[in-house]
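Shared between the two complexes below is chain A, which pairs with chain B and chain C, respectively.
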Partner chain A sequence: MNRYLSIFATFARVCLVRDMTFRANFILECVTSLGWMAMNLAFYLLVFTFTSEIGRGTGWTKEPFFAFVATGLIINSIVQALFMPSAEELTEMVRTGGLDAVLVQPLDAQFLLSMHRVDFSAFANGLVGVGLLVWAIPRLPHPPSPLALLLYPLLVVCGVAILYSLVIMLAAATIHLGRNQSLYDFWFYLTNFSRYPAEIYSGPWGGPLRALCTFVIPILLVVNVPARVIAQPFTGQAWGMIVGALLAALLSLVLSRWVFQSALAKYRSASS
Partner chain B sequence: MSTTAGGRFAADQGFLARRLHAWRVWWTMLVICLEERLVYRGDFILGTLMRFLPIVTQVFLWTAVFGATSSGSIAGYSRNDIVAYYLLTMVSRAFSSMPGLAGGIARGIRDGSVKKYLVQPVDYVSYLLAARIAHKLVYYAVAILPFAGVFLFCREYFPPIPDWSTIGVFVISLLLSFLLGFFMEATLGMLGFWFLEVSSIVFAYMLVQYMLSGHMFPLDMLADIPTGIPGLSVAGLVRFLPFEYTAYFPAAVWLGKVQGAELVRSLLVETAWVVVMAVACRIAWWRGTRRYSAFGG
Partner chain C sequence: MHNSSPSHPSHRPSEQPSAGGKAVLSVSGLTKEYRVYDKPEGLLASVTGLFHRKNRVVEALKGVDLEVGKGEFVAMLGPNGAGKTTFLKLLSGIITPTRGTARVLGHVPWERTDDFRRRFALVMGQRNQLWWDLPAAESFRLHKEIYRIETRAFERTRDELVDLLGVRKLLLQPVRDLSLGERMKLELVAALLHEPEVLFLDEPTIGLDVVAQHALHRFLAHVQAERQMTVILTTHYMKDVAALCQRLVVVTEGSILYDGSLGQIVDRFTSHKIVTLDFDAPPEASRVERFGFPAEIRGPQVILRIDRTRIADALPGILREEGVRDVSVEDVPLEEIVAQLFRSGTSDAAGISAPTGTPR
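Entry: the complex of A and B
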């Protein structure tokens, strides 16, 4: 474990050195991702000029909703920084045969393939997310209990684990297909469902969609569970949700590991 | 006298032959591009259907917003209007969005491949336009199936079909939005003659475009937000910019949100923007090629 941690630290250091070599580009990347985020925040502010709550009686008024948005920013920025750049590179590695060099290394292939690149500029959104959360927490109608504050980081890690599993499974699809240029598109469209509180998915279509995105692809648990624990009153019902998120994270990790390993077993080198 | 008339006749014939040749070249370019695009038809259908997914979340979000307010209308839109609006902006975007155009032009400038258009008797902007029309024609031929399916499925959200004149204006606004989108992105790509790498400029453009075109929400929602200038709201300010014609305007025409004198004024402003951007694109090409130093092999 220590060996893996020190290797990861080396990867991160190399990436940081590279980012700092092209400093203007790094700043530009930070600014662009902050631009998208600012635009989305402006949209939510606009929505709240027409309503005081997202969904009647859901409790997602302005401050709790912004705590929800902040949680989404934090989780997504961790995934975008730590796992997405490597997963995107894998697509090219499979096509060119560069994957062979990774497979002969005396290290776990999944670790190497999913964590060898770190995109530090993606942390910019996460920092804004932390700032937004710090702004929202004292303004919440129900201040979070110490227990909720303790559970929150753990549930954020669960959310990251679920998203990581999804990235790994999409990457495994790359190995099967030989090339998957739309990896990022799939990712965007899937994670799109986790952007809003689960309560908005109601009615004859929303109910089944909510069930699908909770139990089959647990994308709705990613942001909803930690955000709900911190921004909504902590009741006995919350425990079911928390256990559900922990189980979903564990199961996703195991399943994605299995899918990735079986995809690697079927890999046929592309290089000569 | 007869010699002069004969000379003019010959000159006319020469002009006609040249025009005919130019059209034939353009037609050939269109056919080649059509064949090229048809190779990826499966990818197109999947991609088109996936593009409707973000609308699903937007529809649920607005349904929740309407559920929480007592009023049945927001900025003049009922909940059904909003669903119809988002679906109609998908049609507008199918005409006005130009994926890869600016980036492709800048890449050609950077790697030097643009110079083949400088030595061939082919006008580069016309070639790009032909390629884009081909791209769009194939896209419509394939995308009409998923589009028709989604619209049929969501038909109850739409108001009754408008009269023929509104449909006519809707079609004109879509065609103009195609030209506007094309010339705006092509001009951005031509900035590559000066900056080489335009990806950050294109990103900034996409950002502004996404918000101010009405792709994200109906622009009427900005009507009550002040700009600081007395008597001018953000919506009023946005109305002078070209972006709204690439998503909001065609959708608003179909839903009857723009009518009468306002409709005529908007169509004229849209046409003016097309002309301005077409001229800007030409100027950028002329001036750019003059300072171009042909990088790459």
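Entry: the complex of A and C
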């Protein structure tokens, strides 16, 4: 464990060195993603000039909603910074045979393949997310209890774990397919569902979709559970969600590990 | 005495040296089949291909048997697509075989245990294993972490290897700014940092100039001898083989055609020697024909192919011939023998094969 931590620290340091080598690119990446996020936030602000609540009686008024958005930013930026660059590169490694060099090293291949690149610019959004959360918490109609504040980071980690499992399973598909350029697109469509409160999925189409995205692909639990715990009143119902999120995170990790390992066993390697 | 027509393609001559006694690497019946999809030409065919695909099974390796002892330096020679790289990938555990067994350092390679992976290294001439945008020193440091090399041992090995190759001043340059030869040297340093017991080299000299090739040869020979490392090298270049290896394995179409020493391949697959005569002036064809051997006239030079058994008898007569200034007697060049082997596909059919029982 210690060794993995220190290897990860080396990866991170190496990536930081590289990011600093291409300084202009790094700054540009930060600015681009911050700009995209600012536009989104402005859009939500605009929405709240027309309504005071997203869905009647849901409790998602302006400040809770911004706490929700902040949670999403934090979780997504962690995934984007730690796992996404490596997963995207895996596609290229499978196609060019670069994966060979990874498989001969005395190290867990999944660890190396999912963590060897760190994109520090992606943390920019997360920092803004933290700022937004700090702004929203004192303004919430139901201030979070100490227990909720304690559970929040754990549930954020669960959300990250669920997203990570999805990324790594999609990446494993590239080992089978030999090529999977649409990885990022597919990822984007999937995570789109997680960006809004679960309550918006209702009615004859929304209901089944909500069930699907909760129990089959637990994408709705990613942001909703931690955001609810911190921004909404803590009721008995919350415990159900919390246990659900923990279980979903654990199951996704186990499943993704299995998928990834069986994909590696079937790896064909590219011609030299 | 040699058996020039092995009954099985993977037959190993009995005079094979099994250096070191205990096998570091032993492979038996190793077979790798690939299912490939023959993509037909044209759009319509491509669309049909979406629903119905004709798969074809390609045998990259066909039941290979091989045993390598500790400290051996083995060259694998074969044309493109012979299965050399597939063989190394199987031995490194990158891919799993369709059939057959292999043990390297007592491990089944494709189980990919950390204990096994810590004890060998693979260098591929056409792949880059160092971090592209960073100086090699950074990649080395990562290596140290991954292979759990002690700081003092790491520094000692690194300094030794770096000085042997004379690449100290390249350590702090980003790898992408280096020439191919320089990069290859650093790749080798990286691969040897954890002092592997077994080293697989897949075409390490590909694309390198003569100077860089020589430098690599010298380095590899030195390190291998010093550490008693077991090395398997695949290559297209006879120069690599001649400079480094005691043992040569020739592979074509997934089977081993020859496995033996460098010297023996000449004995086994050629029945004649090359005799080159230098005349004062270009001789007439009729004069050359009188020798009674297959001959080729290249200006003042005549090249004769004379059966080994008859060299001793034939030479005095040839030397008495008027106008002969110089003479040399050589074995058939290795390149020629190997090219013949590649073309013929099996050693039985090799046109240069000597009849059974040809004396040395």
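Keep in mind that, in the parts below, the second predicted complex is superposed on the first by the 272 of 272 C-alpha atoms of A that agree within 3 Å, B and C clash if a C-alpha of one lies under 4 Å from a C-alpha of the other, contacts with A are read in each partner's own complex, and residues count from 1 in each chain.
Assume a residue touches a chain if its C-beta (ideal position, glycine included) is under 8 Å from a C-beta of that chain, and two chains touch if they have at least 3 such contacts.
Small disclaimer: the values here were computed from a predicted structure and weren't measured.
Contacts of A:I7 after superposition: chain C is touched, whereas chain B is not reached. In the overlay built on the shared chain, the residue A:R18 is in contact with chain C alone; chain B does not reach it.
Look at A:V47: by the touch rule set out above, it reaches chain B but stays clear of chain C.
By the touch criterion defined above, A:L103 lies against chain C but remains apart from chain B after alignment on the C-alpha atoms of chain A. Once the two complexes are overlaid on the shared chain, A:L28 sits against chain B while remaining clear of chain C. Chain A has more of its residues touched by B than by the other of chain B and chain C. By the touch criterion given at the top, residues 47, 50, 53-54, 56-57, 60-61, 63-65, 67-69, 74-75, 200, 203-204, 207, 210-211, 216-217, 221-222, 224-225 of chain B touch chain A in their complex.
On the side of chain A, the complex with chain B involves touching residues 28, 32, 35-36, 39, 42-43, 46-47, 49-56, 58, 182, 185-186, 189, 192-193, 195-196, 199-203, 206, 209. Within the complex formed with chain A, the residues of chain C that make contact are 34, 85, 89, 92-96, 112, 114-115, 117-118, 120-122, 124, 126-127, 129, 131, 133-134, 138, 141-142, 145-148, 174, 202-203. Partner chain C is touched in their complex by these residues of chain A: 3, 6-7, 10-11, 14, 17-18, 21-22, 97-98, 100-101, 103-107, 109, 265, 267-269, 271-272.
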